[in-house]
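In order of appearance the chains are A, B and C, and numbering begins at 1 in each one.
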Amino acid sequence: MLGRRDLIAAAATLALAIPFVGPSAGALAQQPPIRIALIGPMSGTGAFEGQLGLEGAQAAAAIINAKGGVAGRKLELLNYDDKGSPEDGVSAAKRAIEQDNVDFIIGGWFSAVALSMKEVTRDKIITVMTSSQHPKVTEEGHKYLFRLNATSAMMSNFYSKAICGQIKPKSIAFMNVNDDWGRLELDNYTKLLGECGIEIKGHEFYNRTDTDFTTALTKLKALNPDAIYVAAINTSQGATIYRQVRQTGFRGKVIASAGNMNPKLVELSGNSLESVYSASPFVEDNGQPSMKPWLAEYRKSYKNEPSFIAALGAQGVELIAAGVAGTGGDPRAYDKIAAYLKANETPTVLGNVRFSDQGQATQPIHLVQVKSKQIVAVRD
Amino acid sequence: MLKVENLQVSYGHREAVHNVSLRVEEGEIVTLVGSNGAGKTTTLKAISGLLRASGGTVSFDGERIDRLAPHQVIERGVVHVPEGRLLFPEMTVLEHLELGALRGRPGSMGFAERLRWVYDLFPVLAERHAQKAGTMSGGQQQMVAIARGLMANPKCLMLDEPSLGLAPIMVDTLADTIKSLHASGITVLLVEQRVDLALRLADRAYVLETGRVVMEEAAHTLLADPRIKTAYLGL
Amino acid sequence: MDFTVFAQQIANGLVNGMAYVLIATGLTLVFGVLRIVNFAHGEFYMLGAYLTYFAGTLLGLDYITAAVLGAVVVAALGVVANKLIFWPLRRDHEFTILLSSLGLALLIANSGELLFGADPKYVESPFADEILDIGTVTLTQQRVLVFAAAVAVLVAVYLFIRYSRFGKMMRATAQNPDGAALTGINIGLVHSYTFALACGLAALSGALVGPTVMIFPTIGNWAVLKGFIVVIMGGLGSVTGALFAGLLLGVIESLGGGYISLGFMEAIGYAMIIAVLLWRPNGLFSTARGLR
């Protein structure tokens, strides 16, 4: 028999439930949301970058949802932690596909994770790889795979021209992270900068877990190069390196690897980033129609400054939305969506993005420099 | 003066002392005798607060002390010189004596006087005050242990196996020392493997067997009774 | 060989090594006196760095005051952690204590991530970018400060342990806890203050090293790892052992990284542990009996 307390509880539950059932029982609630898995480093040394990417994607999704979603369906973002490791990235992707039944995946912040994860998602689900620059990610051209960031080859083609033509150091030494990407950077730039007559003085590889770089920088400074090129993805390692470059007494030019300049890095590095160059697809005044609302939404919701990494998250969401909207609204029509994205230019916060048959994006790239602690585009 | 009632002590699930009751009156020398594992050392540890009793009470001068930490028990005048001496091997004799005086009851003597008194009692410690305890002989270490205890100005001194590891000639010296401490007004509770020695020094004795008191008797009576010596004491 | 570079690498190694020594001293004290292998030691290092950061940014304190305040607050947190976790467990199995220190480490690191955010931060110090040229060697004032402050603090700690009354109580407790209790030493108090001292030292190292790197909530892992390498090499519970082992590790890392390969730098620590343990299983300066 029901006691009086049970009756009151039941009544209260009903009273609470009614307003939710009432108005939202309209057309939108009938349509299930489009589920997008966001797989990124949410803990460990890459946690900050993962956080930025998540924020950028959420801001873009919020703007789209506020306008009524995509073909009447809301976007729902599900967040997974790959801890920056390939093993965790693979298990997160499996969980997203098998247990959570997501419609799309955005991920692949680190190259190592992207390379393992693409084997799990290949030909199963549309996967948008974000910041990883390793050429192998799109080399084989899986039919549902897209990668937003320029490859290191595209970046280095652009950047080496800028270094040779605009920065013009006489000699250079490299300070690169010891992983697939860092080694590839060294090969690319040794070749490209050597070709335009810059003397290559030497290089050091540091480890992804190092916190002190004085040993390596002491060696590089002793080579007496005109410029030091620093290849660092991780913001906290990068900031430490830029500070320690100056602290070891190096007074020459400093060149930051392409795609790795962001406001947080500038904030953390103090004066040591002043007049340092980089190349970036991200500049705030690029005139793209979706950039301004996204910047506003981002600054309203998050305390971090908008950055390239955050913009990649936003691009991933914009791309999926455009693909679904352009093909009639079925998020599982993967063949149609993939074909649509490869055939059409998609407008995004960073510019109009075109994809090759392998799923590799072509993005506009800009030479940037830190001036008075602001990242500004260098106009010719 | 010291009163133990229905004391129970367990190690984990195993009870080592069951319902031990005993008392020590002011000015007495009382000894606990019994074979190995009879619960003598456990009883002393429970009195000094090193082990927590699971039942029963311990009181000293009418105050419950069975819930106190060791340093609080020492402050009340009960000092335990443990079996195996438990010295600090890397510390000097003088450092032991300084630490022993930390919780000393205020008495007629200040630290310097008390130190002189202890050095008079054990002249070799004065000579070797800067030597590390770990490098000393067994007899000397026993002197350090007793001296450390005396620095706390005890009313009641509990000595656990003081003769263990001593050369025979040192044992005689030890007996003399215990007598002279007693003469200076210190009540003594003695646990000693050398039952003959213990009974000769003591006024009364408790015989413990497997964690229980099986007999309480005047020491000379036990000493005189050959049946008891064979039955309980293995002599 | 270029002498300038060699001297610079030695100087770099000595500075890093002295920071390791400061971290390891607290770890070895806690092991020596409390018999706790404290995996949470690195988290107190992390808290020291963060409290210095927040005392500077939120309260507007200057760097030195912020660092001292951070160390004092972390020492107080250490008293609380000991009272709540390690003191009640002191009679338990070593393994239980080990696991609870691991649990405490995770708890603090995860709360740090929630409270402070995952983004790296930088502890501002007026000495961080000021360069000093000492002969051919170039160091920042901050790095000289790390070395000098560590030397001063370690000398003070050494004298304290050696000659103060409380230091004697600590050594006695380390060498024979039951004997210490029966001598009238308040073991609870000794545990509490020793843990506080260790946490304070960890926090101070965090505050000193902070401005030479970036801080984030997981830096404690790095600190505790370096600390353990040094403590195992120097002998668990040995303060002098930690001093020599820490400096040795710093210099060997720096020379190994400088003249062999940077890739070896991390491996060198582990290799040294294995070598030392094979050669002298109780560490280079082991006392096996506890604090000297």
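Heads up, the rule we're going with is that contacts are C-beta pairs under 8 Å (C-beta built on N, C-alpha and C of every residue); 3 or more make two chains touch, one makes a residue touch a chain.
The shown structure was predicted, so the numbers you read here are calculated from the model rather than taken from an experiment.
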item	value
Chain-level touch network, classified as line, ring, star, complete or other	line
Pair joined by more contacting C-beta pairs (B-C or A-C)	A-C
Most centrally placed chain - per-chain CA mean versus overall CA mean	C
Whole-Å separation of chain centres (CA-atom averages), chain A against chain B	74
Inter-centroid spacing, chain C versus chain B (mean Cα positions, whole Å)	42
Rounded Å distance, chain A centre to chain C centre (Cα mean)	36
Residues on chain C engaged by chain B in the complex (per definition of touch)	165, 168-169, 171-172, 175-176, 178-188, 287, 289-292
Residues of chain A defined as touching chain C within the complex	42-45, 47-48, 50-51, 178, 204-207, 209-212, 214-216, 218-219, 222, 235-237, 239-240, 243-244, 246-249, 264, 267-268, 270-272, 304
Residue ranges of chain C touching chain A (in the complex, touch as defined)	2, 4-5, 8-9, 12-13, 16, 113, 118-122, 128-129, 131, 133, 138, 140, 143, 212-214, 216, 218-219, 222, 253-254, 257-258, 262-263, 265-266
Of all residues in chain B, those that touch chain C in their complex	48-50, 69-71, 74-75, 79-82, 85-91, 95-96, 98-100, 102-104, 134, 148-149, 152
